[in-house]
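Each chain carries a letter (A, B, C and D) given by its place in the written order, and its residues are counted from 1.
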Amino acid sequence: MSFAAAAEQLVWAGRRFDQRGWVLGTSGNFSVVVEREPLRLAITPSATFKGQLRADEILEMDERGLVATGARPSAEALLHVEIVRARGAGAVLHTHSIWSTLLSEAHGAGGGLTIDGYEMLKGLEGVRTHDHREWLPIVENDQDIPRLSGVVRAMLERYPDAHGFLIRRHGLYTWGADLLQAVRHVEILEFLLEIVGRSSKEGAEPWRS
Amino acid sequence: MSFAAAAEQLVWAGRRFDQRGWVLGTSGNFSVVVEREPLRLAITPSATFKGQLRADEILEMDERGLVATGARPSAEALLHVEIVRARGAGAVLHTHSIWSTLLSEAHGAGGGLTIDGYEMLKGLEGVRTHDHREWLPIVENDQDIPRLSGVVRAMLERYPDAHGFLIRRHGLYTWGADLLQAVRHVEILEFLLEIVGRSSKEGAEPWRS
Amino acid sequence: MSFAAAAEQLVWAGRRFDQRGWVLGTSGNFSVVVEREPLRLAITPSATFKGQLRADEILEMDERGLVATGARPSAEALLHVEIVRARGAGAVLHTHSIWSTLLSEAHGAGGGLTIDGYEMLKGLEGVRTHDHREWLPIVENDQDIPRLSGVVRAMLERYPDAHGFLIRRHGLYTWGADLLQAVRHVEILEFLLEIVGRSSKEGAEPWRS
Amino acid sequence: MSFAAAAEQLVWAGRRFDQRGWVLGTSGNFSVVVEREPLRLAITPSATFKGQLRADEILEMDERGLVATGARPSAEALLHVEIVRARGAGAVLHTHSIWSTLLSEAHGAGGGLTIDGYEMLKGLEGVRTHDHREWLPIVENDQDIPRLSGVVRAMLERYPDAHGFLIRRHGLYTWGADLLQAVRHVEILEFLLEIVGRSSKEGAEPWRS
């Protein structure tokens, strides 16, 4: 995929998520793979409102998180590289919604949460029935990104079927073969997290846990 | 109604529902009858974001769910045919909202829920007073669509006055004489489902049931 | 105010309220006084999506609720005339939001609810301090509009300072000297109703009352 | 920064906040510093819908809250001057959201609330880790603005690290080095207030306190 096309997709995704309130402040970061060998990602810059991105603001990054122009990509860029490597993903998306944040804490101690029985699970790649149990792992937050990358790598290896994960009191990471699939995954998981949040005791009355 | 006009209506409906968050991911499917004998429906394609539809993406489908061009309509296309047959509907709409999903589960065991006393019920065709008791049936989800069609057919026969129904942990189906009426029905029912969800013990504290 | 200008204002108000989800389905009705003697109102037509109004759809109505062209104005048009008369209003707005509906029921038995202490109350005409107690009357719903008009008239007389009222399990009516003030009143009251709904036992756990 | 550029920024901020429902009615007020010595602020006028501002409506104000043209700036203009002085801010923003209002009351008696452990805290200037405890002071509302200014001044002195504060049953004040940073602060704090509101007993069941 050309860099220009990838940049346009990232701008579109940012607008969509901003409308939902999932990238408030300058939160969130998105990437699209433009080349695999060597690895080149189109990635959103740091400290920008993701709902107001312009295609010319998108950065091109290599697997060490370095950008030719010297601009600073998202602080979590290495996590994107980790996920691309572990899952062969074509796009990685990170959003900060109310419900993903609430549930990452409500279920944090258990290391994850199960979502099962919902038709919307079929929006996750490879899932063909509502009778599916999706385990959404939760890892602890950590400002040491290389260290967090290691934890994420181990978790993705341990749970090869997981379509996303939460970072505690932080947000959601998900991915897809391309950006459209990744956006679909964000929307499906955000929807399901609100469902679980409103229908489970942990989600609706977390102070009681 | 011409196919082109039907396609434009479906695009409009998709945008409206997408703004409300009722067709997240690539969920939802909508159809409009363009011809009755033989039956021809304009229907949304599978795996597309319903808020971003283009008129040229809309498919023309017959009563067996087959499309001349070979493209794949929504997996649930046969349910649309069922509803058109049972109700003489001119349009069928299927949405996945938070509240329809929550209540489909909260009231699932009872096979349906009653909504009564609200002025908004008058937005349902044939209802002239708020002193109306609307029974919204709930059927179990099933990946075998032909089998589910049979269950839906029997339920529609059993409840000839129902304006819509829920599929458990899945979403809402409703219809109308034309697309505008069907859109009105979706909005009225989604509104009422949120009202019931927030004001009933089953809806607001489902983990206690 | 010219009819054309009034029509443009009504179209604008409809769009604004539709974005908030306060006029779902074809609910809601709005009017602007274009002439006082004889009374002429620009009013929204029945059975239209209030977020999609066109200026040429707006009707001109007299004090008996009759329209020269024969088109049917909103069923509740007589309530608009009542409020214009009782309050000397220049515009009357009726919306159907989740929280106004929930609270109209939660506090219905008491005939009204008090909202006090909030800075936002200063958005109501004549209120200069947050230390204000606003009584929002609630009347029972009634499909007999002339009869309901009489009840509304008596209620407006009994509570000359009320800036709006709720109809039980129905929605909110408010008004203003002109449409902008009326829109401001809708937004202030809808905001405050959500505040009360989320912070009072009656609003948040109505099934316990 | 030129006055024209400041005015455009304020118009943009107003639209963004209006979409979120944080400036309903004619609530909210925003300012940008255009000159420091003497102090000149570009500020929103009173009694306008902040989501519909035009650049030509923005007022230029001095440190006494006076405007050359005679138009009336926001009633709370002196609070803006206070904050600019105390924090050296380049922009000051005041919003009225549901959650800021609810929490200002739920935690009002304690004079403030603590928000800690969330990644989103890093959207606040100077905060580099989620392991940060942000104290958000709450002051009592007061219609005597000069008196309230004094209280705000003392509170800002007492809590030099606070990035914002709440006025009880009123709303949120925050600021930034420039408008973009201030907008980021509003969004981060509004997000975190909803998180706290939904996950703490005080926020979710305030009637029990």
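Here is the rule we go by: a contact is a pair of C-beta atoms (placed from the backbone, for glycine too) under 8 Å apart; a residue touches a chain by one contact, two chains touch by 3 or more.
Since we're looking at a predicted model, the values are computed, not measured.
At the interface between chain B and chain C, two copies of one sequence, fewer than half of the residue numbers in use are shared by both copies. The angle of the rotation superposing chain C on chain D, based on CA atoms and rounded to the nearest 5, is 90 degrees.
Note: centroid distance chain A to chain B, computed from Cα atoms, is 30 Å.
Note: centroid distance chain B to chain D, computed from Cα atoms, is 43 Å. Across the assembly, chain A contributes 19 as residues in contact with two or more other chains. A ring topology is adopted by the chain contact network, closed into one cycle in which each chain touches exactly two others.
Contacts between chains, counted with the stated touch criterion, involve the pairs A-B, A-D, B-C, C-D.
Residues of chain A that touch chain B in their complex: 19-20, 117-120, 123, 128-131, 180, 183-185, 187-188, 190-191, 194-195, 198-201, 204. Those residues of chain A that touch chain D in the shared complex are 19, 21, 24-27, 49, 96, 98, 101-102, 105-106, 141, 143, 167, 169-171, 205-207.
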